[in-house]
Amino acid sequence: MSDQTTDELRAEIRDWMASNLTGRFEVLRHRGNAGDGDALPDLRKEWERVLAGSRWTCPGWPHEWGGRGLSVAEQIVFQEEYSRAGGPGRMGHIGEGLVGPTLIAFGTQEQKERFLPGICSGTEFWCQGYSEPSAGSDLGNIRTRARQDPATGDWLVSGQKVWTSLAHLSDWIFVLARCEEGSVGRNGLIFLLMQLDQPGIEVQPIRQIGGGAEFNSVFFDGARASAANVVGKPGEGWKVAMALLSFERGISTLGQQMGFAQELELVCEIARENGAAKRPDLRQRIARAWTGLRAMRYLAMRVLSDDPSGETMRETLGYKYHWSNWHRDLGKLAMDVLGRDANVISDDPRHERLRQLFLFSRSDTIYGGSNEIQLNIIAEQGLGMPREPRGSLF
Amino acid sequence: MDLVLSDDQKMIREEATRLLAERSTSERVREVVEAAQGVDAELWATIAGELGWCAMAIPEAFGGLGLGMTEQVLLMEAVGRRLAALPLWSTSCMAAPLIAAVGGDTAKAELLGRIAGGEAATVAWDIFAVDPLAHIGFDARASGDGYVIEGRAAQVSDLLAAAIVLVPAQLDGGLALFALPAGTGNSALLPTLDGTRQIGELTLDPVALPASARVDAAGFDAADADAAIASAMLGLAAEQIGAACGVMDVTLDYIASRVQFGRTIASFQAIKHRCARLEVDFSEARSLVYGAAAGFDATSPAERGMEIAAARALAGDLLYRASEEAIQLHGGVGFTWEYDPHLYFKRAQAASCLLGATHAHLGLIADALLGAEEAR
Amino acid sequence: MSDQTTDELRAEIRDWMASNLTGRFEVLRHRGNAGDGDALPDLRKEWERVLAGSRWTCPGWPHEWGGRGLSVAEQIVFQEEYSRAGGPGRMGHIGEGLVGPTLIAFGTQEQKERFLPGICSGTEFWCQGYSEPSAGSDLGNIRTRARQDPATGDWLVSGQKVWTSLAHLSDWIFVLARCEEGSVGRNGLIFLLMQLDQPGIEVQPIRQIGGGAEFNSVFFDGARASAANVVGKPGEGWKVAMALLSFERGISTLGQQMGFAQELELVCEIARENGAAKRPDLRQRIARAWTGLRAMRYLAMRVLSDDPSGETMRETLGYKYHWSNWHRDLGKLAMDVLGRDANVISDDPRHERLRQLFLFSRSDTIYGGSNEIQLNIIAEQGLGMPREPRGSLF
Amino acid sequence: MDLVLSDDQKMIREEATRLLAERSTSERVREVVEAAQGVDAELWATIAGELGWCAMAIPEAFGGLGLGMTEQVLLMEAVGRRLAALPLWSTSCMAAPLIAAVGGDTAKAELLGRIAGGEAATVAWDIFAVDPLAHIGFDARASGDGYVIEGRAAQVSDLLAAAIVLVPAQLDGGLALFALPAGTGNSALLPTLDGTRQIGELTLDPVALPASARVDAAGFDAADADAAIASAMLGLAAEQIGAACGVMDVTLDYIASRVQFGRTIASFQAIKHRCARLEVDFSEARSLVYGAAAGFDATSPAERGMEIAAARALAGDLLYRASEEAIQLHGGVGFTWEYDPHLYFKRAQAASCLLGATHAHLGLIADALLGAEEAR
C-alpha cells in the first residue's frame, strides 16, 4: 500500500480533506457512521455535492460515467485517507457502491444515462429494498409482488420491505419483487428501480436500540415502477440481486477497517487515561483486538487480490463473519474499558461514540447474512459439508 | 444444608413472580425507561408499602419477618426476571444489612423499622468495587454536638428514590456511618444507558449533621460490614440470574414461532446447542446463588466470600451472554426498540461492573487459593 | 453435609481408611482412576475383599443383600471420605453401582441370590456391554443379535461391543442385544448377563491416547447366556438398560467431585511452586475452575435432593455436560500450569498424574452420552425445543 | 505488498506437500513416536541432504538459494501438516537465521554452508520464552587461546539430531555465540508426551572450546538477534497452522463418512458451525502468517514483532482447538491410539508454550499498544 504510485494520490486526498472538511463541515467529522446514520442529513447531502465537485464521488467508476477509473489499490487509498480524516458516513454509498456498479453491468444505455449522473453528482440518493419481515436472512422467500399493468407495461408493486437504511432520506429505492405468480425461491423475481415520493409508498422509521432510526419499513400498495426501470429481465431478478450483493463486499472493506482502527485507538486512549490499561484481562483483550484487526487487514488483502487460482476462495467466505464478530466484540471491549463510565451518559463525545459502537455493532452479525447464515455458507461451500435441509417443519 | 425450597419459599417466589409479571410488563418497563427516572414508584409502593417485601429479611425485633437469605434471593431473582425498576437491591440487600451489621441499637430500631415499613434506602459507597468501603469518598469530623461531613459519591444507586441515604465516612482514622436527614446535600439524577436502575450523584459540600444522624455506635471496619457486602453481592447475582432467565424465556418463545427457510429457528441444531449451553451455565450460576444463600449464616466469611464472588462472576457473565444471544437469535428485530432484548442487554452491561467486574471476583478467589502476592 | 448424624460415620470411615489403606495397599493410593483403570489389578481386587470384609462394599444396598442400607447423605459421606483418603478406583464399581441396583429392581429372586453375594464380597467382577462400533452414542442402533436356542432356551449372542471398561479383568458382562429380528430402535432388545470366560467370547484391548488400555472390544460369536440370565422380559431390554443408566448418575457423583477437588488442589500446589500462580491469566482460570467445582457441588446437591416438584429436573439434565467439560478444561489448565514441564516426562508422579488427567479427561465429554447428545437432550427435554430429525441422510 | 503466491512459491508448496504426504504418513509418524527419538532421520536425509530445503532461505553467497520468508513459511506449513519429525524448525528458523544475524564472516561461510548442504543445527537457548536470549544458561570466559564455557539448557529442540549446536553464553557482560564441535558436553535425550519433536538436555560442565568455536565477531545483544527470534516464532506459527490444517482435514474426512442416528456426523448443523468457526480462525491465522512473512524484511522490527506475536498467538490457539475438536468429533475412537487426532493433540499442547504461551504474545502486543508499565 505504500508504493510510490499511490503516495501521490494519498497526499492529494489528504490535502483535499484537510482543506474541505473544515468550517461548517467540521461538525461532520466521524459522524453518520453505522448507528449514527441519520445524523445531520442535510449537511451530509451538501457534503456529497462538495465531494462531487472535486470528483471524489465514485472514484472507481469508469471515466465515461463521471468516475476517475481508479484501480483497486487506488480506491483503497481513497477509502483509507477518507476515513483517516474522519470523513462522514457517505449518504451516497448505496448509489455509488451498489446501484451504479449494477447498472454499469446490467443496465440499459437509457438507465445508465438516466441514473448514473444523479449518483455521481450527489443529487439523487438511493436505498435498498431487499429484506422483508417474513424473509429475514432468506432472500429466496421474497413475497413482495410486482404485477404488470397491461395498459402501460409498468409494474405495480405491493408488499413490504424492512431494514431499509435511510429510506426517509432517499429519492429512489431498488426493489426485489416476485413477478411470476406461484414462483418460489430464486425464480420469478424482478429487480425494479422505483421513485420513493409517489402515492402507494409509505416509509415508516424503525427505532433502534441506540435510540436512533436510520432504518425503515417501506410499505408498497400498488406503487408504480416504469417499464423502463426494470434491470435485467423480469424473472431474472435473483441474478441481478446477487451480483449487486457481491459489489457490497468490495473496496469499502478497507475504509471500514480504517474506521475500526480508529475505534480501537480510541479504546486504547481511554484505557491509558482511566487506568483500564493496567488491568491484565483488558490488556489481553485489547491485544487480541489488535491481532484480529491485523489479521483482517491481511485477509482483506488476500481476498481483494482475487487470485485467479481460487486459492483464497475458502478464506473469502469467512471474511464477513470475521469482521462483524470482531467489531461486535470491540463494542463490548469498549464498554468494559469505560467501566464505571459506560452506563452513565456523559458530555465526553468519545464515550458516546463508544456507546453507539457497542449498541450498533450488534447489527453487524445480523445484517447482510447473519452469523448463522455465514457459518452455513462456510461449512457448505468452503468445507464441502452437507447442505442444511430447507422446508421441513418439525 | 438443604437446597430444596420449602413450600413457604416456593409460595413467596410464585407470588412475587406472578405479581411482577402483571405489574412490570414490557410496556411498563418502557414507560419507566422513557420517563428517565429509573424507578417505578407505583410498583414500589405496592411491594414495599403494601406487601412488605422489605420486611422479610429484617429481624422480627425490628418489625420484620426474620426470614433468611434464601427468601431475599428469590425476591431478587423475580425482580430481575422482569427488570422491575425497584430500589429493592439498594434497600434490602445493601442498606438494611449494613444497618444490621454496624448500627447501634437506637439507629437499628428506627431505621430498620422504617425500611420494614416500606421506605427505600441506599448506601453512598463505591458500587463499582468488590470492596465498596475501601475507597470512601466522604470525610467527617465531630463539630459541636454533631458532625460536619463532606465529599462526593459519583454514582449512588436509587439515590433520589431513597428516603434513607446512608453515608459511610472516614472519621478519626476509622469508619462511621451516617443516615442523611431528608434533603441533605445535593442529589443529582444521572441519565443512563440502562434506564431500569436509578443512578444519582451525591455531593456534600460540606454539611452539618446532628449527632442523631450517626448510625454506628462507635466506629466499625470493613470486616464488620462483611455480611452487608456479601448480601449486596449475592442479591445482585440473584437479580442477574433472574434477568438471564427472563431474557432466555423471551428468546425461546420468539425462536419457537419464528420461521426461516421453512423451519422454526428453534429447530436448527446449532441454535439448540447454543441455548442448551446457556441453560447449563444458568443451572450452574443458579445453583451457586442458591447454595451460597442457604449457607449464608453457617459458612465462614472467607469461604462465603469466595462462593459469592463465584456466583457474582458466573451470574454477570451469564446475563451478558444470554442477552447478547437474545439479540442475535431475534435477528433483525433483535436490535429494534420495539422488542425486549435490548432492555435486558443494557441492564446486563450496566450491572456487569457493579460491585466489581468478573475479573475482580475471580481475582478474590485466586487470592484465596493462591495467595495475594500479585496485584489484580 | 456436616450434620451431627453423619459426623460419626465420617470419623469411622476416616479411621478405617487410615488403618487399612496402609502397608502393601499403600501403593494403591490415588491409583486406578480414570485413565489409570488397569493399574495394579490383582492388588486392587484384594483391596475389594478387604473392603468387603468390613462391609464397605455396597454400603447403600439394603441389609438383606449384604449392604448397610445407608441413606443418600451417608453414602455421600462414604464417597467423600474414601476419595479424600486416596482410596483406589473401585474394581467393583460396575457390579456395585450398576448391576446390583438393576437386579434389585428388575431381577428374579434367583438372579439376586446368584449374583448379589459375589458382587458384595468382592469376588465377582463385572463389565458393561452397551456401546457398539457402529452405534456410538446411539444406543437405539444396537446390532448385536441374540437368538434363542430352541433346545435349551438359552440365548446365543453374536456381534461386537466396544469401549468395555476392564473387560479383560472381569468375570461377567451384561449385554444389550437385539432379540427380535427386524426390530429397530428401542424395540426388540434383550438384557443379558453373560460369563466372559467361555468359547465364543474374545476380549481385545484398545490402546488409548495415554498409552494404557483399560477399554476393550468384546467379540461375541455364538456365545451363550443361560435362559435364567435374562433380566426383565426379552424385547424389553431398553427399559432395563435405561434404568441402569440412571443408577450411574447417582451418589458416586460426590465422590467423583472429591477427586476433582484433589486434582484442582494439586494444580494449585504446582502453580504455587513453579510460579504459574503469578500469571494473571492462570490465576483467573484457576479461580474459574474453583467456581465451576463449587457450582457442581451445589448442582449435585440439588439434583440428589430429588425434589418431588420436579423443580430441579431441568438442571439435572445439564449435570453431565457441566462436570465433563469442567474436568476436561481442568486437564488443559493443569498442562498450562505445568508449562515447560508438561511435555517432558519426569520422575515427579504428580506431573504424570496431571498428564493422565489431561489425556484421559478427553473421554469425559464423549462417553456416557457425548457433549453433542447432552446438548440435544438439554435443548429438547429441558427447553422444549424441537427434536432432531433422525435417519434422513442428506 | 503482494499476498498472492507466485507460481514458484506454489510449486515449492505443492512439491513439499506431495513429498510429505508420501513420506510422513500416519504409519511413519507412529514409527517415529514409538522409536522415541523424535526425529525421522531418513526423511531428513531426503529433504535436507537431497532436496536442499535448508538451502532455500540461505543467501546465495553462502551456498543457499536466497529465497525469502514466504518460502520458509510454506515449507514449515507443509511439515506441520504431516507432523513430520524433522529438525527443520531448529535448523532453518532458529540456527541459520541466528548465524546470519550475529555471525562473523568466517563462521557464516562455514556454518551456513554446512546447513545449506543438509546438516541439522539447533540453538541452546530458552525455547519457552518470548525472548529466548533473556535468560541464558551458559557462562563463558576467555582462557588461553580459546574459551571455557559452562552451564545447562534444560530443553533444546533437536539437540541430538543437530550436527551444529549453537550455544549463546554470557561473556564479559555481553553475549557471545559458540558452535560446539561434535561430541562436546553431555547431551541427554528426554522422553516427551509429544513424540514428534526431539527434546534434549545439554550440560557443559565446564568444557574448553577453541577460539574457532566462536561464531560472532565481537559480541552481540538481543536486538542484533531480532530477525532470528522473529524467524523462529514465525516458523513455529507456520508449523502450527499447518498442523491445524492437517488435523482439520483428518476430522472433516472422518465426519463426512461416519453415520450416527442415520445421518453423517457432518450433516448436523451444530457440527457444521463448529467446523466453520475453526475455518474462520484458520483463515485469520494463516493470513497473519502469510502477511507477516511477506512483509518480513520491509516492516519495522517493532511492528514485525507485534505481527508475529499475533500470528503465533492465533496459530497456537487454533491448533489446540482444532485438535481438541478432532478428538471430540471423532467420538469414541478419537482417543484411541489407532486414530490420528491424539498425535496432533499432543503436538498442539507441546508446541503451545514454545517461545512463550499465548498470554505472553498478547502481552508483547499490549506492551506496544498500552505501554509496558504492568508486569506480564
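Things to note:
Letters A, B, C and D mark the chains as written, and numbering starts fresh at 1 in each.
Keep this in mind: contacts are C-beta pairs under 8 Å (C-beta built on N, C-alpha and C of every residue); 3 or more make two chains touch, one makes a residue touch a chain.
Keep in mind the model is a prediction, meaning the values are calculated, not measured.
Across C-D and B-C, the chain pair carrying more C-beta contacts is B-C.
Matching residue numbers shows that C-D is the pair in C-D, A-D or B-C whose interface repeats A-B, with more than half of the contact pairs in common.
Distance between subunit A and subunit D, defined via averaged C-alpha coordinates, is recorded as 42 Å. Averaged Cα coordinates give subunit B a centre that lies 52 Å from the centre of subunit D.
For subunit B, the set of residues touching two or more other chains reads 264, 267-273, 359, 376. Residue positions of subunit A touching 2 or more other chains, listed in rising order: 280-281, 284, 372, 375, 386, 388, 392, 394.
Listed in rising order, the residues of subunit D touching subunit B in the complex are 268-270, 272-273.
Residues of subunit A touching subunit B in their complex: 131, 134, 136-138, 141, 162-163, 206-209, 211, 279-281, 332, 335-336, 339-340, 342-345, 355, 358-360, 362-363, 365-367, 370-372, 375, 388, 390-394. The residues of subunit C lying in touch with subunit A in their complex are 280-281, 284, 386-387, 389, 392, 394.
By the touch criterion given at the top, residues 1, 268, 271-272, 277-278, 280, 283-284, 286-288, 290-292, 294-299, 301-302, 305, 307, 309, 311-312, 314-315, 317-319, 321-322, 372, 374-376, 378-380, 382-386, 388 of subunit C touch subunit B in their complex. Interface of subunit B with subunit A (complex): residues 128, 154-155, 190-194, 199, 258-264, 267-268, 270-271, 320, 324, 327-328, 331-332, 334-338, 341-342, 345-346, 349-350, 352-353, 357, 359, 376.
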